[in-house]
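Chain IDs A, B, C, D, E and F follow the sequence of writing; residue 1 opens each chain.
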Amino acid sequence: MRPSGRQPGDLRPVTIETGIIKHAAGSCMIRCGDTHVLCTASLEPRVPPFLKGSGLGWVTAEYGMLPAATNTRNRREAQAGKQSGRTQEIQRLIGRALRASVDRVALGERQITIDCDVIQADGGTRCASITGGWVALRLAVDALRQAGELKHDPITDHVAAVSCGIWGGVPVLDLDYAEDSEAGTDANFVMTGSGGMVEVQGSAEGAPFSRDELNALLDLADSGIAGLVSAQKAALA
Amino acid sequence: MRPSGRQPGDLRPVTIETGIIKHAAGSCMIRCGDTHVLCTASLEPRVPPFLKGSGLGWVTAEYGMLPAATNTRNRREAQAGKQSGRTQEIQRLIGRALRASVDRVALGERQITIDCDVIQADGGTRCASITGGWVALRLAVDALRQAGELKHDPITDHVAAVSCGIWGGVPVLDLDYAEDSEAGTDANFVMTGSGGMVEVQGSAEGAPFSRDELNALLDLADSGIAGLVSAQKAALA
Amino acid sequence: MRPSGRQPGDLRPVTIETGIIKHAAGSCMIRCGDTHVLCTASLEPRVPPFLKGSGLGWVTAEYGMLPAATNTRNRREAQAGKQSGRTQEIQRLIGRALRASVDRVALGERQITIDCDVIQADGGTRCASITGGWVALRLAVDALRQAGELKHDPITDHVAAVSCGIWGGVPVLDLDYAEDSEAGTDANFVMTGSGGMVEVQGSAEGAPFSRDELNALLDLADSGIAGLVSAQKAALA
Amino acid sequence: MRPSGRQPGDLRPVTIETGIIKHAAGSCMIRCGDTHVLCTASLEPRVPPFLKGSGLGWVTAEYGMLPAATNTRNRREAQAGKQSGRTQEIQRLIGRALRASVDRVALGERQITIDCDVIQADGGTRCASITGGWVALRLAVDALRQAGELKHDPITDHVAAVSCGIWGGVPVLDLDYAEDSEAGTDANFVMTGSGGMVEVQGSAEGAPFSRDELNALLDLADSGIAGLVSAQKAALA
Amino acid sequence: MRPSGRQPGDLRPVTIETGIIKHAAGSCMIRCGDTHVLCTASLEPRVPPFLKGSGLGWVTAEYGMLPAATNTRNRREAQAGKQSGRTQEIQRLIGRALRASVDRVALGERQITIDCDVIQADGGTRCASITGGWVALRLAVDALRQAGELKHDPITDHVAAVSCGIWGGVPVLDLDYAEDSEAGTDANFVMTGSGGMVEVQGSAEGAPFSRDELNALLDLADSGIAGLVSAQKAALA
Amino acid sequence: MRPSGRQPGDLRPVTIETGIIKHAAGSCMIRCGDTHVLCTASLEPRVPPFLKGSGLGWVTAEYGMLPAATNTRNRREAQAGKQSGRTQEIQRLIGRALRASVDRVALGERQITIDCDVIQADGGTRCASITGGWVALRLAVDALRQAGELKHDPITDHVAAVSCGIWGGVPVLDLDYAEDSEAGTDANFVMTGSGGMVEVQGSAEGAPFSRDELNALLDLADSGIAGLVSAQKAALA
């Protein structure tokens, strides 16, 4: 029995509330159980130097965690004077994941920055950031389209992410913190609305895992992503 | 006529919602018009080195602003690699202001860190941080008292803060961003519930100001602080 | 009786010696009792990016303290790798204070940087920096005028600063370190030669202060600023 | 046809030369085609603070790249003042991968630091670092055992890593730089000598990939890891 | 003819004024022509970690330059966020030079930090720092001896420094900035009062120099050091 | 008897292997006994800002040490977040030394960066870096000449460096680590192939040294440099 009483294939309750921040082109608060992430999309007039004159757009992401988001207060990175390796790894992942849903020619030479700030953490913050970040991105692109700045929709599909793991010997979907800290294998899957894989990251925390176990996790992820994409659609409806 | 349609002596609508973050000892979201600040109080087992063995407690504050909180996205300080001078000045002010309401002998050798993170900014973020930060502090101390860890209540009075300024030649209370960016004189007042002054900071943005003008601002502040203290009481009721 | 034997309304002896550094456009050593600050004004050909093409000039300030200036050696900030929050707060104050005396249109698109380096500290270093910094600024502007580079004098008035506080229950003027470290309320006032207020900063160190106490400090400041402006005039005569 | 003339399932020629650095407890130069990485293992008397008194050992890794290792000189990170996000992500991966082969109870409370410095880069540097890093680790543990400091061998299995990708529509093994910069999907697999999976990381660079494609890459990885483990055994023989 | 009208073997006028800073154990302002350096010696209760329990003392130095000290304002290192390579090289040299005059057993386990801050620069600031720094060190040690804290005098000899160079083809002593920026060869010599060499640093700025030229510079240095040691003695008399 | 069994005037065995790195314009591994340094020369299209439009070229150097190069692992500077004062001092020396052999007009407005990375350290790493760095520079310039990009050879002479010291009272050539850590006086000499001096740096580690001792070290250096220049010629033949 999982600590939360969920079945192995159950997602946590997920809600996505849009229009949270008045200044951002797109914004939402995604809540996956007790993990709450504020995702915003800001339009910026410049692209990075390596894209100047290329006609291509750019989507990038930054990730942060409020000091009180965790069980014991975590140190503010602005005061530490640098982002941790973990933070940088997560924000690189979010950026790659979201760019997989964007036709950068159709976007044109503009940048959209997705900020994902964890307000409260209970496991799975990087996955929630991707799922919520995609909604903020979608809203910002909708605003550009309504303003007549884009001929074609540059977004090619939904993108969402979910974690799976082997907990107590059983493959389970959408680990919360209590499960994550005890899981033997931990994996994150980023997939499109049509089921294509964008990122697969699996780590053995203890014993190595087998091809069969990986396949069981992939099956759970397929079903979890479908649930998250439904939540994205509901939020945008 | 003020841009918001308010009278010179009107506060913006203020709400304080408590219990926002499950991990924090005390937390609230304070909304002063379109300025929204998430305030949390974390108990930490250590005091700074200069207080070890003194028997005295410590209250300190940190301040941050989410990148999308402002009209144009502001750079994440964790990525810039340091807190700006403005951020440091604000968090030093918040800490001094809140310590003015605390009997550090009664608190005993423990530290409470107040984190004030601006979710959305429309002027007056440092004042909202102090007013909301005091509520988070009050809640954390209540939790300590309920746990039987404190003999006496270390909080001696309410503390709240409000800005005033001379806008279009008229002294006005609680400036929003549209007013603040045009005000000739800009002042912040931190006061206790019984009307004592904790901090007075006034700056001429253009021409110097007179003693009479300072007095007019002080009168506005007296009334504004009373309104904010009422909002604190309502939130805690 | 004050530790120095001064009456409550007495300034410390103040001297301002000009022409200290041959390379600087303007320079002076200001000595307020045992607080000694070297102030220089450097002309720089560039204005900050946000002013390019605006036709407006800029005056900015930097503040530092030599390691041996204090009772116990203070760590060199260049070695610590950053300026402390206190240093940044002080240099922001000095810059704002001096800009209040400058007509930036008349100054034209050039920058004057005021460096205030504390050689020896005995309380009131930020106020001495403003009072001395204004003299260095005045000298640099005089040099520009003698070189025929300015049609109109961009300096509109004197600016000086003094601290006041409530020490042993009595409002006193121009606190030295021994008083400052024990004062119940501590305030800094920046004023023009004609008595206008530029900055008012008052902090309760212990109990809150009342409107009457603030008024008593303002009265002391009026008289102290008059004395400091006389010293500025004597130095420039 | 691959740029190098290799068949889809061919590894690059791999050599592992041991005993490169006289001061290191274990060291080797691994050459996978034109990718050359110097791997060293240093014994350190301390474990990180979170392990003090736990009886558990620690294996950690650091990764660097000499400025001239790449086509165009890459900036020295020591001069830039920080390690890039990419560097941190890689060294965290190497550390996790190598710890998967270590019984930390048997290792006892000591730390082994694996340094992987890329002398020349032609794709696949993180995989070469893991495969070579394991050899350096094995040599350092052998030295400890010969010195009588370990009762049981703490190394439980070989660990090696290889990249695979979809290049020109075809799944291929062990991408070099020319292939890597054009591959549609790019994956890294870390596996044990007995075929268990330690890390799986796959990224779509363009279109998403399917479960069938992932399976094809997994098959290639199985065979590649077998070849690399043979090279490790040959080097240690 | 040298720009200053000096003969090849002439030092600039040198004065050393002691007792400049009331808080420092020893202090002086050394003026070598237009190069003015404030040197202070601070006693600190701790030695660096590598000396704890050794019974040995430590003398170290830090060097800084005020922004307005040079012809065009130089950037404040505290704001740049680091000390330049030049600054670190100079302060390492000053520290080594002064330690050469100290019996660290006789000093006992205490640290003396010599701060050398250039108030005005006209060439030769590192040499003036050493010559003046030694006087500050001597004064601090005298204070320790008068306080009865040292059985034996730990200072074994005078130490002073002077620059020499080949200017316009002629070996000259004690280069000022105008000469230094044009000199073909530039050398700094640190010597003891009894003529022993502590540091010799010569650099060809253009063509290499010969053994004969080095010898000519050494002869000039012998005489220059004698003059500086006399100035040290006069200042301490 | 020296620890290595060498006579006072003996160099360590020196070999210089060229063509180590395929991407670098010039590269070599220099081995002076157990000190091994990888030296590369990279051509870069830009010169530093202060040379733009001057028609002059630039040669600069960077120095690093792999963590496992030393007896006990030294901390990676990229992780420490800055280059130590020692590193900066050494790379400034290497740059100055190599520029002494270059006609910067003939080089034209291009930059060559020499990277010297110590693979294994046993004393004398800065000298080996200069001697090997010159070979890398020579090879890069040869490549430019073969590509027809230079009318005249900008390299005017060989440059090499060697350390000498007084060990056990005897002047000896080319100190290894065992000798260097015990030497009373330590000096580094950079000289041209025709015997001119480029840099002379001598330090007393304990007692001051005399003119006679300096002359003995200079004599040893003359002979040592001749041997190193022969090794450079052999490597390039």
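Simple rule for what comes next: a residue touches a chain if its C-beta (ideal position, glycine included) is under 8 Å from a C-beta of that chain, and two chains touch if they have at least 3 such contacts.
Keep in mind the model is a prediction, meaning the values are calculated, not measured.
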item: Partner chains shared by chain A and chain F (touch criterion as defined above); value: D
item: Fewest touching-chain hops separating chain A from chain D; value: 1
item: Inter-copy rotation, chain B to chain E, in degrees (Cα atoms; steps of 5); value: 120
item: Whole-Å separation of chain centres (CA-atom averages), chain C against chain D; value: 59
item: Whole-Å gap between the CA centroids of chain D and chain E; value: 51
item: Computed distance of Cα centres, chain F from chain E, in Å; value: 28
item: Set of chain C residues in contact with two or more other chains; value: 82-83
item: Order of the ring members, counted from chain E so that chain F is second; value: E, F, D, A, B, C
item: Of chain A, residues touching chain D in the complex; value: 82-83, 85-86, 88-89, 91-92, 96, 100, 187, 191-192, 194, 196-204, 207-211, 214, 218
item: Chain C-touching residues of chain E, taken from the complex the two chains share; value: 20-24, 27, 34, 38, 40, 42, 44, 62, 64, 66-71, 73, 76-83, 87, 113, 115, 117, 119-120
